[in-house]
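Please read through the structure below; I'll follow up with questions.
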């Protein structure tokens, strides 16, 4: 007991997320034992049973390190975000969702009503009475409450103050391991924490820096989709006319996707100091279109059927515009 | 992130009345007051308004505040930065503040002069200033780049303007390259017989200058050549010139002219003789040509076309003919460039009802110049197309292709005087009855109107009205075999039909057919009608927007010989001034690549037209060469990693300015309950 | 909502130092009147226009964005306005997908001599944006507060 | 290609030859003309000056009908006056809302409606030049008009003023020149090609009208034209019907047949003169056309109708005293 008392507290939480971050964390292998050896895990829904009220009972700032993954989609997410912020000394936005919205944030292109309707009416849904979830429901056991969806998804730091950012969908296990090491070394007084607000567990350059493919000057006359081409394994994917987010995406993943013959889709988010990730891609891709003729340019651009999906795949919530008009246009 | 939450800058804001130019539409006091209160939290410590900020008193005001209040940034709201940016930067400099920490925002050209609603204009001024303040926070102290000036100058075009410019510079002792597209310099002036209003012989006054230009030790004359490429920037241009093969070895040729006598091939000379006369396949355009060496025109030379003849070669006493000559590319470094490429004549075929090209005896002004020229095809005899008949009546039509919305809106400015000259010559040499058809008579320069009076007294008829049509369709016996000029005489308000033997179309001046390529080649811009744009229409008529490139003569707009000469000399003076300074200072607006951030994706690599971006394959990073960078910022905007930054126009500067500009209405938004 | 009747749009205009900004200067010198709704930013070249600027303007409360530069072929930097052209076409597609009407962004070529044209085009554009009504793109936070919870349609019994 | 077709009054009577030749050549070219049902007179050149509103209402009625019957198809008018009036009306229906309102009020009576700019009216020449083009026409030429000297006469209506149907240079058009060259004819320079033929001046002041015609004929004669080719029934009528009067008045000896450009195209297509209505002109074209070996059958005199037995005698009119 006394030993565990001495151990600093660790928490990990998933808000609007897929659970991939947890898996990546467990993927660190034995590293996870170091976590157990050096921390007392007080709250980690995936790994152990715990109740919100237990956390609420804790003293403010009593948790040393909280890895928060998942975006803020509903009032529950927001509530826990505030709660853990209060209880934690170090709050890390962990993984793409918490950092910039990730896939869940692509929902920001549509209104909640549309999303609900799609979810509960489309062919694949067996819902003959056209039922809808209700935030409040009188059940014999008493009033039931399910979390209320917000008009759109937000990133963690749009809701609470965040100490560190750890990008990736999910963050690479070796990066997680490195971060765990760092924190432990700090605990043992062997290292210093980086300045507040910095990005940890990632590189300072972009994916191209780690990509082994040969790069040349770029002029694109046609955009192709990956399923329509056989890519040359040694040449820059973008030069082959397939959108690749590598040039704009923070390094740190060892360029896994390009190495595996598939373009980078940008999960590590923007490079240092970039304000709007998508616009970096828009401007870069736009600049190398191989035509000066408006009609021709439009024809070439037809090769990009879903621009927002391609350029803001991971970053919509974190972008300047944050959400499309339908998402924030108040109905009725 | 990019917004300095609590700027620790001390900013001074200065709002100019510009007399009533700004204060007339904008409540400047209110604007200054607003800035002092509402922008305090952004670091504004003082905001003043003053009658004329650009006056020495106004500048002292700024300098005083910098010294006493220790300002670290200055925002001046006055006229366009293109007018007074330098003024206020200098003021800051004098007060010991880095000149680039000053931002001049325009509330005159962009506000008071274009708006009428006082409230709106005042609000907009506030927004503009807020933008300036947000932006200036992010300004960085910069030092202007200094580059040495290459003493040599390139003059393009060997017409009178170009010759004048070249001579002025050469006489001052600096090297000049004078490039001419044709075999000889002289330009249009060499084609004329007399010059208005003095009627002195064009050749007599031009040829001495030509000879001077041809022999001057400081002038390298490169005729039969064209500029094909221009690189670099003020002080350090690298120019590529295509020297077309002359097929005559200028080392050996002494210009005796035997080759021209012996050449069996006659060719119609469309350029110098305006299509009225012939030349040989080997030729100098005219006897006094400079340089005196002939050229062989490959397209028409029997030897080049059929492989036989070589008459010129046989008879050349100095064996100067060399059929093996090839086109050469000459490379040279120059510090500055003067463009004097002149004009082309409006093609009257574009006005079909005037019958030029269909009706034999309708002539263009240039054709008539050649007719009157003693050295011309008719030896100066004014005759009809048949070569013998002397016209008894001559009609001169003004404004052909000028002051006409179907063709050119502008006035070609020389046509009135030229037509008067024609009237005089025709009357003097043929005793013909001469009719001038004009819209307005424009004779504004020195002793021009006197000449008009003189021609009036000589009995020339002046009919005020735009000619409707010229045809040979006679209505009555009196019109038989004549050209009938149909015109409304607007002074008597009647339609008139004037039968004449000869019609001279006083065709307007137009930009060279290839003016667009020229503009592109030298990175200049043309106005809608195709003349090159000067830096300022009144105060800077010979400079262009591009440092180190000047314009002279008709390339800038229609003008007569005196005006062209003046501009040639003015441009030369500018060039000499710069050369004297030995070096030019350039705006330190440059792009730089953060080597650590750059991942070598090479997106930027083919975006720079100045080839300023080089890629280090070894380190897989790109780098910008500041000497070549022109500061356009295209690569800055393109870098996907945000690794390229641009001084003077950084992301932070622009983004903050946007915030500032929107500050006001964002407030309004908040005021309005959503 | 701001009432659309007397709605005055705010438009951010990006101009290039060599052509369009000088066109604006010329409009001023010639005292050609135009709508006061446009607030100009001077860049060295339309090629400097980073799409981020446009997004910033819209998210910051602008109702429209005007992008202007030298005529194709007349760029002071030879061909950089073509880069602006390419980016513009791509950016416009993104904006449309984000629900911003294409009529809220305009690309305009104006030479230094075309003050009158610039003024005229600005008037047309202001009119066009005025017709579209206010955009007032709101920061996410304020929306969330504006409609803390979304009411779903009732379940049929 | 399909078009709505507005023949106009002249083509039904004096310019029947124009009508027939137009239809004749349209077949091989694949030019389908659908005549507007129940069209009315365009008001020619005067009526607009007499009663603007009524005139435009009448003209616009045709446009409204065309739209109703054939939708937005282009409307072809071979007669220059019809072409001008129809396109003029269309232009004013756009430019002059008050007028448009009144016109539509009138049209409403026949429950018709027309918005300016809906129907583009085009002259036959325009259509042939732009939609078909010289090569397409050349392709059907079997008997090029080698050696026939043609003066191309446009008249004053189709080239000016602009309006919507504007094409070619108003002062010195060349499209007909090119068209005639493409079918092998020699086109002479004809400076007065766009000058006025006098229109209805023949009814107001013979002398002025005939002088205008004289100048035209003289100009064509000066350039040794065998034929003056027109594209306007008015021009054809004036130059043809009054040529004799011109000769009488000015002691001239002009004998220049006036034919329609469609007739020339027809000849080049190898069609026989009769189908093209050649022979109906007053100034006999035989001599001119003989140059290119075209036979024109003599006009057979109208057959006398034999009175039938049942027929009752006509009442005798009293002698005028």
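Each chain carries a letter (A, B, C and D) given by its place in the written order, and its residues are counted from 1.
Here is the rule we use: a contact is a pair of C-beta atoms (placed from the backbone, for glycine too) under 8 Å apart; a residue touches a chain by one contact, two chains touch by 3 or more.
In this text the structure is predicted, and so the values were computed from the model without any measurement.
Comparing chain pairs B-D and A-B, the larger number of C-beta contacts belongs to A-B. If you average the Cα atoms of subunit B and of subunit D, the two centres end up 52 Å apart. Taking each chain's centre as the mean of its C-alpha atoms, subunit A lies 76 Å from subunit D. The distance from the centre of subunit A to the centre of subunit B, with each centre set as the mean of the Cα atoms, comes to 56 Å. Shared interface positions of subunit B, i.e. residues touching 2 or more other chains, are given as 607, 634, 637-638, 651, 655.
Looking at subunit C, one finds that residues 50, 52, 56, 79, 83, 87, 138, 146 touch two or more other chains. The set of subunit D residues that touch two or more partner chains is empty. Judged by the touch criterion defined above, the protein chains form a pattern that is neither an open path, a ring nor a star, and not fully connected either. Contact between chains, as defined at the top, is found for A-B, A-C, B-C, B-D. Interface of subunit B with subunit D (complex): residues 351-353, 355, 358, 469, 471-475. Across the complex, subunit B meets subunit C through its residues 80-82, 106, 108-111, 113-117, 120-121, 123-124, 127-128, 131, 516, 519-520, 523, 525-528, 533, 545-546, 589, 607, 609-610, 630-634, 636-638, 646, 648-649, 651, 654-655, 657-659, 661-662, 665-666, 668-669, 672, 674.
Only residues 75, 109, 112-113, 116, 129-135, 148-152, 154, 158, 275-276, 278-280, 282-283, 285-287, 289, 291-292, 294, 297-298, 301, 304, 306-308, 311, 317, 319-326, 328-330 of subunit A touch subunit C when the two sit together in their complex. Residues of subunit C touching subunit A in their complex: 50-52, 55-56, 58-59, 72, 79, 82-83, 85-91, 93-94, 97-100, 137-141, 143-144, 146-150, 152-156. Those residues of subunit A that touch subunit B in the complex are listed here as 204-209, 215-219, 236, 238, 246-248, 251, 270-275, 280-281, 283-284, 287-288.
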